[in-house]
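Let me give you the structure first, and then I'll get to my questions.
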């Protein structure tokens, strides 16, 4: 009983302590120079999607440095405004995603948000962006991130930069029907991205007249695939489509190659980076997948409008991270942040935060046309907040451990 | 002829009927997916491979539980540490041929992980040995979080790989017979399990410390009375569990891509295997591990592969409720110490 | 003697309510442009306070189950998930499946859904509890762990019902008539109102016949049985109450996040709930809000401070410190931070007092 | 002759081949103090555990006030008015002396969880009554000043008295005392004897197990002697003292 009373006193002390700690900080002095534009950035730099989220965060830091070096961005008032990119990490946890985005919008009062890596977590942030009327550019590819499944229309405030799994599915279906395959199996990860791959690959395959005879999922942390392999073999399919990101995508490819050495394997664009090939080793040989141009730069035609942007990004990123391998996910982040920075030019200095956010949203929806980015030529519109077509991806085949262009002519 | 009491007879009959029913169900489901016999063989073979890793971990759980009465949640992390340390040592620029480097890597990894296991026991487990079960479980969870976070900082979030032992290259030698594939590494895994069992048997049966450890397992207080120091035994049990975990991690290095957070699900599966074996007997742990690997794989093969971990946990709850002493053992129902 | 404790508890409830009201009012009316987060050095925002309130409800349930009745549960996030999914599924029935369209769009339907969720989760806990409570100690912990993980995995399947891995979105905000309990500043009062109500209920139960029966079962089941306590029913009652509280919290979470996916209900979540209960003090209802606050504040503080100090990718270091703190608390302050801390303080005051000439 | 309060018919308990209790019959008349004595290992405590429902009998019937107790859980048996104490004291550690006795009242209180959660007047009234009754039970065993102290901080003798108080709190008609005298000094034993007599005078029948002959002889109305799980004698203290088989059993010549 006595402990009870004592614990009350201690408890109240803790609350008071928390409160006083805050007041001790002096309120920020109002500064005279032109307002700083704030961009919110949130990715899964750690946790299960770290291999995707870390390069994204590093790209954001790189752009921050570049802008600081240039002294800021010229606003509509002709003056240079400093740009602050506030970076958070949500560890691929839906709770943290919502907390981070809420904090960015309400506490840090950013004008635009770039968030987040995973499909499931990006879907969780939709209500926060919509209700607080702030544009959120996601780096995840699942369809529900920008389109409302019931009404089929695009969420007003949601955009995304990666190519969709529909595009990836279209490429795989076109290739498989071209080489005379009729029965297909689909393997996928048991998460937001994997299930979206399954839905889109299946739709595109059936649209191209292929029959999906077997589907099977696995967990991101799985290392044993014999159950899936037994199903694939027994189903008699002639090719396997894999909808996963590394490292599990590589393990799945190895399992297929071990069980059925000459089974053709196609994958989604989620494997479009060196770690996939390194981890899969020999099993990657001969596999084909659509790929963002940034990881197969020397296969990109010189007259391609994206070429200069791609080469600049590769040079900057390699120098900034002293030689880390280029990843298509870093490219998605670059597109999102650079679009946001460009949209800042539409921000009136005196306007209220709400007006500034609306201006950025409208700029994104209307002014981003044939916009050369890393992931492709973006053309946003009221009915398409992804702005990319099938041609934003390049079909690639792994030859001697390297992704080589594999255009339709060579099929 | 000794008359078998009616209840025992009934139980044997029930078990027979149950197994026949299950096999019929499995064949039925399998045929819907037109699985050929060779697929079942493949499922069983791969089940044994996975099961051997579960068995090694189950041995770790049993060693710690019998001597200290603690369920060591961090057992899965010892597997991760074993795998990642061996890979780091192997990739060190030592002036040795690959084979020698692999041996050095394996040796140093087992030593280092055992050391970590002992440090964990000295720093976190022993000081709280008299605490209630809840506190001890939370402490082992705290250890798990710390080990996993340190691994994230040291090795980052990317997967690593250890070359296959027989080819010392990424691609392993694969045996194919009658549509069934068998990786050479699987043979290394089964071989290692056999060697570990023999060494463990020799250690437990024929060395003084081994006997002391077993005495502790049977009755801690009695062991104390005859002068066995429980503190040393507790330390030894954690060291041994860490070594067993490390060995499991090393041999599965080439087959799976070790990564900093592989410990959680593996640890849970190892525990289910230990429960299957009754959590008190070493042979029980090995049989439990192999059985879990096969049953889990076949169930996944005939139903939907994503239900693999559901199957493992359904088996665990089933065993806990119906036969807490496991299929083989005669342990108690895990009451408060 | 007894009414002194009841007296202390009523003061506690009043002071906590006043503190919550004041903090909420500051955030709602923003006197002089002051934002709630400025009060706490930008570490604790309204969003964090609401999450602390929601998890406090779950942890109070855990206190009853683990601290008083002495039954371990490593699957509490499973009940938390059932509540969240019950609310998510029932409130999106009309939009996703066109069922009960007339009814499902009424303002009172989500509230009914919350009650249905609590009923369902309570019933589920009863059915699960009957067989599971034949187990004790480590085995009980493992069985509850298995249950929690099975719920998590199944939540990821059946896209038609649970929305699969992307989960369900479009969960409406709560209304009372036409008064919308949103934005966050308003929802804050609903959540903390529920949290304080749950604390009051828990305190009453603990000081009642049922609470005594739990503590009796916890210290000696044989003696409790001999004293006329139905041990099985007593444990089941603790599990059902903790499940109902967790379900309420799950529903409040669903309407706060407006989207629900399996991700936040994994085994990691169950572990964190147990840690919050243990840090606050397993057998101290007052420990619940502080155990939860401690874990949230420490993780956020560590992440931001570590990033500034070591400007390194935060979460690795932060998790290590978090893990070590957890182990230290369990070794040196087993009854948790508030109760343990209070005991330490009292000892120091007593020794200081004794020390005077 | 009114029907006996407790009837034990052909009671048998087998532990894996060992016959701990073998065909024991006896009855307890209402209002008497019956003692069961016998050397260690004679099955005294096993009989207690069978009657109080701790152990399921292998064979035989136990009837209390005409009702069959076989298969009932301990708490149900206590609810019928048959309370017990333990050979090695089983108190509730983290609770005060008063709270220990209040738990004893559990079977006699009925306010539900709903009433408790909302502290409805009915709950508060019944709670007050329980507190009062418990204090009164404590006073009966002379421990009312120790009401607030932690149960385990009491000296051993008082812990035994506390357990009796807790058993009485269930308002039993039959009180089972399992070796109440063990560990008590001379003065404490006399005090206990007084207490048992007052309990009996309040209309509570007492069945006690004891191996201290001297204590049993002075307190018991009737005595039953067990050896190796079998009843070897029954009668008044005087008869038992002169029974050759009993003497042989105790002095070990048998």
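The letters A, B, C and D name the chains in turn, as written, and every chain counts its residues from 1.
Going forward, contacts are C-beta pairs under 8 Å (C-beta built on N, C-alpha and C of every residue); 3 or more make two chains touch, one makes a residue touch a chain.
Being a predicted model, the structure only gives us computed values, none of them experimental.
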Moving only to chains each one touches, count the minimum steps from chain B until you reach chain D. 2
So, comparing each chain's Cα centre against the centre of all protein Cα atoms, which one is closest? C
By the contact definition above, name the pair with the higher C-beta contact count: A-C or A-B. A-C
Relative to chain B, which chain has the most distant C-alpha mean position? D
Where the centres are mean C-alpha positions, what is the separation of chain A from chain C, in Å? 33
Using mean CA coordinates as chain centres, what's the gap between chain A and chain B in Å? 37
As a quick test, compute the distance in whole Å between the mean CA positions of chain A and chain D. 73
Return the distance between the CA-based centres of chain C and chain D, expressed in whole Å. 43
If I count partner chains per residue in chain C, which residues reach a count of at least 2? 1, 156, 315-316
Considering chain D alone, which of its residues make contact with at least two other chains? none
Chain A, residues touching no fewer than two other chains: 46-47, 54, 190
What pairs of chains are touching here? A-B, A-C, B-C, C-D
Within the complex, which stretch of chain C touches chain B? 66, 72, 74, 131-132, 134-143, 145-147, 149-150, 153-154, 156-157, 267, 271, 274-275, 278, 282, 315-320, 322-324, 326-327, 330-331, 334
In the complex, the residues of chain C that touch chain D are 1-2, 201, 204-205, 208-213, 215-216, 218-220, 222-232, 237, 241, 283
For a test of understanding, state which residues of chain D touch chain C in their complex under the given definition. 52-54, 73-76, 78-79, 83-84, 86, 90-95, 98-99, 102-104, 106-109, 111, 113, 116-119, 123, 126-127, 130-131, 147-148, 166-167, 169-170
Please output the residues of chain B touching chain C within their complex, sorted ascending. 65, 71, 123-124, 127-128, 131-135, 137-139, 141-150, 152-153, 264, 268, 271, 275, 306-307, 309-310, 313-314, 316-317, 320-321, 324, 333-337
List the residues on chain A that touch chain C in their complex, please. 1-12, 14-15, 18-19, 21-25, 27, 45-47, 54, 57, 89, 91-95, 98-99, 102-103, 106-107, 119-121, 123-124, 126-127, 131, 142, 144, 150, 190-192, 194-196
